[in-house]
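Each structure below appears as structure tokens.
There are two complexes below, and they share chain A, which is joined by chain B in the first and by chain C in the second.
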Partner chain A sequence: MLSEAIANELRAIVGSNWFLDSPEDLATYSYDGFLPEYKPDGIIIPENREEIAAIMGLANKEKINIIPRGAGTNICGSSVARQGGIIMAFHRMNRILEIDRENMCAVVQPGVVNADLQREAARFRLMYPPDPASMFVSTIGGNVALNAGGPRGVKYGVTRDYLLGLEVVLPTGEVIRTGGKSLKSVTGYDLTRLMCGSEGTLGIITEIILKLVPLPTSKATLQAIFLDVDHAAKTVSAIMASGIVPTTLELIDKVILDVISDYGGASFPKDAEALLLIEVDGEEVLVKAQGERIEEFCKERGAIEVQRARNAEEAEMLWQARRTAFGAVARLRPNILVEDATVPVKRLPDMIRVIMDLAEKYGLRIGVLAHAGDGNLHPLIMTDLRDEEEMARIDKALDELFEAAIGMGGTLSGEHGVGIAKDRFIDMEYSEKAIEIMRGIKRVFDPNNILNPGSFL
Partner chain B sequence: MDLNNIAEEFSQCNKCGLCLASCPVCRELLLEKYSPRGKIQLARYYGRGDLELSDHFREIFERCLLCGACSITCPSGVDLKKVFLEMREKISEHRDLHAHIKSMVQSLAEYHNISEEENEERGEWRELLKEIPDHMYEKDRAEVVYFVGCVSSFFPMVQGIPRNLVRILDLAGVDFAILGGEEWCCGFPLLGAGLSNKMEELKAHNLEKVKALGAGTVVFSCPSCYGTWDEHYGTDLELLHSTQLIERLIRDGAVTLREVKAMVTYHDPCDLGRGGGEYEAPRAILKSIPGVSLVEMEKNRAQSVCCGGGGNLEMADPKLSRTVARKKIEQITQTGADTVVTACQQCIRTIKSEARRQKIDLDVLDITDLVLRAIGPS
Partner chain C sequence: MLSEAIANELRAIVGSNWFLDSPEDLATYSYDGFLPEYKPDGIIIPENREEIAAIMGLANKEKINIIPRGAGTNICGSSVARQGGIIMAFHRMNRILEIDRENMCAVVQPGVVNADLQREAARFRLMYPPDPASMFVSTIGGNVALNAGGPRGVKYGVTRDYLLGLEVVLPTGEVIRTGGKSLKSVTGYDLTRLMCGSEGTLGIITEIILKLVPLPTSKATLQAIFLDVDHAAKTVSAIMASGIVPTTLELIDKVILDVISDYGGASFPKDAEALLLIEVDGEEVLVKAQGERIEEFCKERGAIEVQRARNAEEAEMLWQARRTAFGAVARLRPNILVEDATVPVKRLPDMIRVIMDLAEKYGLRIGVLAHAGDGNLHPLIMTDLRDEEEMARIDKALDELFEAAIGMGGTLSGEHGVGIAKDRFIDMEYSEKAIEIMRGIKRVFDPNNILNPGSFL
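And then the complex of A and B:
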């Protein structure tokens, strides 16, 4: 619990409107997109770096936990007060400070919503490639702290690949700057990338410099349907090996195709086992040729149906299935658990088989959406959290799932993060020594362990 | 805490936050409690007995346009608007109402309208008509009843809407009547105030008066009256919004349209679009007027952003309502059109008033204005 004296000091820093502790505020900052909820002791909403430095100085002295929070859309439980403390939200730090056309970069505050940056960059005919499905809500600060990726990741990579520099307030209240606008830098350890994916445990990100790329002038969108997942997976490998780098390569499995059909989103052949959504972007002539070649690849490898969009409207139609997938699945049962295991691309079909087997073995309904181009699977587990017996079966299935993923040379999480969702699995992926190094890094940054404690470490 | 009919909605919410993107209120107020997700969670905490219906709780739920944009966005199919309406019912049982809302409720009880005016004044807008038949549209029998609604009856800024519509109906040869002083408020403002139990008398009265005329159809220029009848009156009368009737009259050739040169954008009123599912009739009307070119706003149809006039927000927090209106005007002007057409008197009031305050040169028209211009004597 927070003493009134400290609450008053915090109010003095940000102004009394921006320190909140009403029951309604405590309740609405007790959750993120994951399941467990923890009521914080207060919420503070700073306006700038100076205020944040003062807050951290005080928190470090008084050993008060501070938990950074963007839009609270993470699905690993990493922006909640797991061990009590104060939520720090960046609602007021939501300005795009600069779009630098010549250096092709943007300087933003952490609370800027991803889609707002996309829109602003597009006005300069530039693009910020990472496009998580939560982009209309999630913040750049949260994207950096979780190294978010999106469907464009196959070609463009993830947040980390666009991060040039940061301004960070350390848990002790000191401010550091890492990186800068130059595209190359080998000076010292790469602290910028260390912050990326640190899940809000090392420092408060107060300013972010991001690389932008030219907005592609043209796009080709295709949809292919297969009777056998293996055929779809072989097509994926063939495309990747051909030298064409698609922007997007999404796979939808049979379970989800059936759900979408029932939901009335679109209909697919009854015995279809997989759908691929493929997009390439770039110069118009090139894109057209690549679209044609991809169509051939699909047909040669057994696609029973290939559609190539002739215009933006048709492309949007093809995206429809992918876009409605989550919603259609979410409506079936009260809850849906989105897993995030990732394997080397070649093992994708093996992993899908594993998931199908696990669903059967444990009597679960699991559908698979996959960012197939980078081997990132999202098994969607349909359930009802109130059903304890089923939850126990899910736990068992997850244990086996992660073991299988790591056995194939994969990882627990491709993009959603560890948080408390997967902390119990982290030693499957890292040796004791590696984890010890991470703990050491955490101690250097945060000697009193006040920043987002109770995470994976 | 007896929230049985909405408990399913809470358990369906996985807190993904996608609804935040569509909410015009939380874009301004920033804090999670004002967001659609936040309010769903507040309702759930209340239902669990972890929160009381404090004054602050009430203020939070008042800051909502009931525009339904969140419900449309939610991938899990949570009916957020239903939860917010239900919570307003709970709040009204336990807390004092906002002073403005209280006086509105009182006005309904005393005068059967929202304006604290004698209900006989309802037909005042007829003074705007140059010619009027002897029956003044209050006939003994008619095939169609035009239910004018409180706002168009009493607010001078929008009294042109009933004037236009009766002329259009006359020119198309429709046999219709109005209820005059016997039209009572449909009860819609009570729903937003969480007092649906006070609607019964209004409902029964209106239904009886319409039936007495032997009418088979009721037409509304107000999308909210239309929606309230449709959802709460439980009648098998044919209910039409004016745009649906006009579109039908155009299709049947009952009216002919001459050229009107105008570049317009169309604002989808929440209660007609998301509420009534009618996006196309108004667009079909606009497209059938020669010379009118329609440019869409970036967010249109189901994605349309509320004008700021919904949910009784105007009474609870006029400043916030105006801010939302200002943002709407920005979206309108971004289209390059200098005229916005809509099909709701409340949207017109909100948008027009704010444009005036901001000294923005914007023509805000009801769709009947344009239709009348196209069929009126040249």
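And then the complex of A and C:
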């Protein structure tokens, strides 16, 4: 609990409107996209770097936990006050400071919503590639802190690949800048990328320089349906091996196809076992040729139905199934756990089989969405948090799931983060010594362990 | 100086053939691609991780400096024993362990020569994009430690962008693994990229997993000559703004063109002020169209001559000028200092003018090669290290050069590293606090400061 004196000091820094501690506010900020709830001691909403530096100076002196939070869409619990403390929110710092057409970069504040940046960049015929599913609400600051990915990752990579520079307020209240507008820099240790994916544990990001790329002038969107999930997985391998680099290469499994059909979002053949949603982008002449080749790949490998969108509306319709998947699944049970195990691309069919087997073994209903092109699977586990017996079975299944992923040379998390969701699994992937190094780095940045201390370390 | 007892312990670890301390060997390993010489106390050439772990365990206990060295091609002095110690060389660890066609990645030992990996990957129709000028001798371990770039960086990025995972022996002798074959991973702090560009100060890299990309099936190579360097720079901007992402976009200035002409490597119009060497790669249909558009851009912006290669031999001839540049310049004076200041792309013409002005102001002969597409300039300063008066003028010019680059939002080093060449400039780019954080990270990895301690921190 915060003393009234400290609450007043915080109010003095940001103005009394921007420090919240009513029961309603505390409840609102007690959870994020992951499930567990932890009531914070307050919420502070700074306007600029100077206020943040003052807040951190005070917090560091008084040993008050600060938990930075963008839009709270992360699904690993990296923005909740597990050990108490104050949530710092960024919706007042939501300005796009500059789109620099000639240098092809953007300078933004952390609270800018991803889709707003996409829209603004497009006005300059530029694109910011990372497109997490949360992009219409999630913020760039949160995207950087979690190193967000998205369907376009197959071709364009993830947030890290577009990060040129940062301004950061350290837990001690000091401000540092890393990187800059240059496309290349090797001066000193790569603090820019160390911050990326650090889940708000090393510093508060107050300004972000992002690389942009030319907006593709054309794209082709295809949907292919398979009776056998292995045929779909082989098609994924064939496309990836062909030299074509698709923009997106998404897979939806039978469980989810059936749910979408029941939901009325779209209708698929009853015996369909997998759907691939494939997009290529670039210059028109190339996109057309690649679209045709991909259609052939699908047919040669047993697709019973291939649709190629003839225009933007048809493309949008093909995306419909993927977009409604989550909502359709959410209808069935009170909660969904979205997992994020990722494996080397060629192990994708093996991993899908593992998930199907675990569902059967533990009597669970699990559907699979996958960014198949980069081996990033999202098993959706349908459950009810209140059902302790089922949750115990899920825990066992997760243990086996992660063991299998790591055993295949994969990782606990491709793009969602560790947070409080997977901290108990991290020693499957990293040795005690590697974790000790990470803890040491944490201490260098945050000697009093006040910044998001409940998170993964 | 090493005691004979410790030398014997080291011999016992690697075998007496692989610990060198003859005067000839010490002289051979006393310098790298940068200029100053520091005689090491010995050279050790381990065969595997276990030997390296044993060496580091001993070195850590006895506080013996270890300086890892690939092919020693770096030009920032990051592989010399400035504070004494033992050079660790990797030419016995030069195996390509695996090219994984389906996952499009390679697993290599640190001593693998870059060009050997390129060649092997090409057999699988894959490409490893980073192509430092040193690629025919420099090693992947060194490339990772320095985060090497190269002409293809405009389109393909640098070493960091292809790094999936590492095995590292820490200065304390413990072994950690980071990352893996998965294309995406956000588990824990990004130790993989923290190692990249750390210039051998954080750990010894013993295994490297690299992402590969499909080998482009076609390319177009163009050379354009301009009477005004500003016209060349504007052409660079126009190409970059057009949506075309060239593979390489190199600029050679008048000073170097004249030297090449005198050298007999190729001949250029007497009043030519700049040459652009431009390459695009990808699928044939696209490459052809882009080649034609680039030719138009050049002509519209005042190129007096544009050549487009009709075949591989002609392309090779066009590269000839760029390839002979360094050799031609090296003939003129005993030493060349290659600088590496990098600026946001649109400041390229400003930076070229700054360099021309500094050459005049300080009575120096400086030519400019630039990876123009990413703002990475390589001023070649022709000098004689023994001429103290001239070296003093160069020092002053460098101060102004770096100040100008940083003032334009640029960086000290785009791709060559800091090492002992630029450590005195690092506080121009990073605040005292940022450097303190870097020092703190160094202590976490290397509490006894034994790994390349003479380098940039």
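We take it that the second predicted complex is superposed on the first by the 457 of 457 C-alpha atoms of A that agree within 3 Å, B and C clash if a C-alpha of one lies under 4 Å from a C-alpha of the other, contacts with A are read in each partner's own complex, and residues count from 1 in each chain.
The rule is short, and it goes like this: a residue touches a chain if its C-beta (ideal position, glycine included) is under 8 Å from a C-beta of that chain, and two chains touch if they have at least 3 such contacts.
Please read these numbers as outputs of a predicted model, since none were measured by experiment.
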item	value
Touched partner set for A:Glu429, first chain B, second chain C, both or neither	second
Chain B versus chain C as contact partner of A:Ser455, first or second or both or neither	neither
Partner chain in contact with A:Ala27 - chain B first, chain C second, else both or neither	first
Partner contacting more residues of chain A (chain B vs chain C)	C
First (chain B), second (chain C), both or neither touched by A:Ala330	first
Which superposed partner A:Leu194 touches (first chain B, second chain C, both, neither)	second
Which superposed partner A:Thr247 touches (first chain B, second chain C, both, neither)	neither
Touched partner set for A:Ser79, first chain B, second chain C, both or neither	neither
Which superposed partner A:Val137 touches (first chain B, second chain C, both, neither)	first
Contact set on chain C toward chain A in their complex	100-105, 125, 146-147, 149, 153, 157-158, 160-161, 170, 174-191, 193-194, 196-198, 202, 213-215, 217, 237, 240-245, 282-283, 285-286, 289, 342-346, 371, 374-376, 409-418, 422, 426, 429-431, 433-435, 437-438, 440-441, 443-445, 456
Chain B partner contacts - residues on chain A that touch it in the complex	20, 22-25, 27-29, 31-34, 45, 71-73, 75, 89, 91-92, 115, 134, 136-138, 326-327, 330-331, 334-336, 384, 386
Chain A-touching residues of chain B, taken from the complex the two chains share	11-12, 14-18, 20-21, 30-33, 35, 38, 41-42, 45, 50-52, 54, 56-57, 60, 74-77
